[in-house]
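Next up: the structures, one after another.
The same subunit A turns up in both complexes below, where it pairs with subunit B and then with subunit C.
Right, the complex of A and B next:
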């Protein structure tokens, strides 16, 4: 039925099976869209946000997908600027995953601002003293970069590539992709950093407040560093899941191992910096504000020392140790475990920097303020996952996302 | 926001923030314009059989 649009040299499942996948993911998507419309038409009273939680599940999801989508800018940076040519075999997928992550982040923000019709105010009536303004600028521009990086992939579809203008447009965009990739790396450095900077400058909240360099708190650099370290792990994890679902090898081991090695070393250096930062904060910054470390991890029903161990040891030291060793990297099981732990680690980091910050008491008369998201918040947070599944399914079916697929899976 | 809007102030934050935004958008805009014009020229050459 659609064989004229399927890339040359690859085999895809029957259209019926493909449509079933789309229908299942589409049903989840519709559930999320219904919750989104409730938030838009009835207002943010549909959420469990309150005076304690101006930032809640959505902002955690935003920060998490932006960090996980960091694989796109860092892989693009390694491929086009540093010249790691082997990564051309995975950069397409990194771009697709980044595109999904960033479009999801913008969608969540469109729900979170309550009145999306006024979304353009942040550009036109910009508060030029706010790190969040910089985030909005860089996020929007970088989504533009990801769209520009994704378009040539769409133009490589067999049906579209027959049109001469579109064929040449795709080639021309490939030719100057380094310019776009460099712009993307520049934008990513600043918006990833500023997302961390927002937490770090909260001098009224000693759990997140950090000293820093000039106007930038240390969290600015840690967020950028962690996105570059953990983002590629998410790209590799989704690649592994795609391989498991399709039952095919899609990327050669040497490519996976190279990206895993770079990611592992980035993670190892990041986690050392994170440990130093945590020790300085626990021993100097927090006491200077009248707090001890255990004030932030006790006397409440949820946040204990376990979350610090989960973030730094289980989600940081262990995956880094696996990926920087030859033996760990070459074992598919150990490698996949490292990717899963890394993704958990960075998600937990974003969770504590958004939600534990809000939960921890500040004044002597304050109590811990725990928060449970409403089903509308959960549904709209799951919405991007369903959207991602649909976009990956369509892109995998019709676009040459994996250049090595025909070689690794020859058709008899 | 542009310098001719009433909210504009000629100070460092406005110049850095808005300058950075227009600089990034400028690179993307010029890059895409170049690609589209070149593709149109290439497609025209393709149609006339001139592949130089």
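Right, the complex of A and C next:
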């Protein structure tokens, strides 16, 4: 039925099976859209946020998907700027995952503001001193870059490629992609960093406040570093999941191992910097404000030292140790474990830098404030996952996302 | 540095609240809500969604009877000056919807520009900023009692104590009509100050030696909330009780208000 649009040299499932997948993901998507409309029309009283929790699940989701989507800029940087040519076999997927992550982040931000129709004020009345302003500008620009990077891939669809103008357009866009990869890396450095700055500049919140360099708190650099380190792990994890779902090998091991190795070393260096940052904060910054480390990890029902261990040891040191060793990288089970742990690690980092900041009391007569999201918040956070599944399913079916697929899966 | 940036010759409005005098009656909270058209809901049991520009906290020394002692602490917006007007909330607002006025020291909120990102709330360690989770609904007839000098706020924007800035504007207008070049201390007083039956709240220009707050803030028992964070607030508290002064900030075991200075 749709065989004229399926890439040459690959096999896809029957249209009926494909539509069932779309229908299931579409149902989840509609649930999220319903919750989103409730938030837009009835207001943020549909959430469980409150005056102690101005930032909550959505801001965490934003920070997390942007970190996970960091695979796009860093893989593009390695492929086009550093010249790691093997990565051309995974960069398409990294761009697609990045596109999904960033469009999701923008959608969540649009739901998260109290007056969505005034969202453009952040550009029109921009306060250049605010980290959030920098986030908004760089995020929007980088989403534009990702769109430009995704378009040539769409133009490679067999049906579209038959149109001469679109064929040449796609070809010419490919030729100048290094320029956009460099632009993307530049923009990502700033918006990933400014997302770290969002929490780091809060000098009224000793849990998140960090000293830094000039106007940038250390979290600025740590967030950029961690996105570059952990983002590729998410790309590799989604690649692994896609291989499991399709039952095919899609990317050769040498490509996976190269990206995993770079990611592992980035992670190892990041986690050393993170440990140094944590030690300095615990021993110098926090005490200078009258707090001990344990003030932030005790006297409440949820946040204990376990979360620090989960983030730094289980989600940082262990995956880094697996990925920097030859043996760890070459074992599919070990490296997949490392990818999962890394994704957990960076998500936990973003969680504590948003929700634990809100939870920890600052005034001596204040109490810990714990929070659980409403179903509307959960549904709108799952919405991007369903949207991602749909976009990946459509892209995988109709676009040559994985250049090595025909070679790895020859059709008899 | 320009003279005005550290309030060289300008006004710097602030409060001194005597915690030994405050009885916790809540008159300041009621007066504030009436003066500033602060919305409320039928069911206010979820206090974390309530809007209370002025909130009275109940503090305890945590000791058993007969040494039990309590203290009521009224907490308006602290109108932080930070370092040269770099208050925690003003610096982070992405849309310049909140402003630090170097002429008065008042941190204002521009409701029509706020788009409800709530970053300022995350930045404020005093929980002095409130989000309008709901549209304001007034009981039948109550809209007739709203203060015409204060705009009501819609759902989805942040609001907070403004030091009853409409009263400052009115005082300046009156002074102009009377041919005065400046306003007197009594010309501009906040609603909470006037409503306090115990006279615990004193309001005025912290830079003006003729104003009571100028002298009161220099008393040895004066302290401010969370001074160590560098927020540089303009609300001073007085208490003769050491445990109350200690409750104003966070200290390590070997520290205390006196040692920190």
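Observations, loosely collected:
Here is the rule we go by: the second predicted complex is superposed on the first by the 411 of 412 C-alpha atoms of A that agree within 3 Å, B and C clash if a C-alpha of one lies under 4 Å from a C-alpha of the other, contacts with A are read in each partner's own complex, and residues count from 1 in each chain.
Note that in this section contacts are C-beta pairs under 8 Å (C-beta built on N, C-alpha and C of every residue); 3 or more make two chains touch, one makes a residue touch a chain.
Everything quoted here is computed from the prediction, not taken from an experiment.
When the two structures are aligned on the shared chain, A:173 is found in touch with subunit B, with no touch to subunit C. Of the two partner chains placed by superposition, subunit B and subunit C are both touched by A:125.
Of the two partner chains placed around the shared chain by superposition, neither subunit B nor subunit C is touched by A:22. Of the two partner chains placed by superposition, A:160 touches none, neither subunit B nor subunit C. With both structures placed on the common chain, the touch criterion links A:334 to neither subunit B nor subunit C. Once the two complexes are overlaid on the shared chain, A:148 sits against subunit B while remaining clear of subunit C. With both structures placed on the common chain, the touch criterion links A:287 to subunit C but leaves subunit B unconnected.
In the superposed model, A:43 makes contact with subunit C only, not with subunit B. A count of residues in subunit A touched by subunit B and by subunit C gives the higher number to C.
Contact with neither subunit B nor subunit C is seen for A:313 once the two complexes are overlaid on the shared chain.
Annotation: subunit A residues 124-126, 129, 133 touch subunit B in one complex and subunit C in the other. On the side of subunit A, the complex with subunit B involves touching residues 123-126, 128-129, 133-134, 137-138, 141, 144-145, 148, 164-169, 171-173, 176, 179-180, 183, 186-187.
Considering their complex, residues 1, 5, 7, 13-14, 16-18, 20-21, 24-25, 27-28, 31-32, 34-36, 38-40, 42-43, 46-47 of subunit B touch subunit A. For subunit A in complex with subunit C, the touching residues are 43-45, 49-55, 112-116, 118-119, 121-122, 124-127, 129-133, 136, 198, 201-206, 287-292, 295, 357-358, 362-366, 369. Note for the complex: subunit C touches subunit A at residues 46, 48-51, 57, 59, 73, 82, 88, 91-97, 113-127, 129-135, 154-158, 225-226, 228-231, 246-252, 255.
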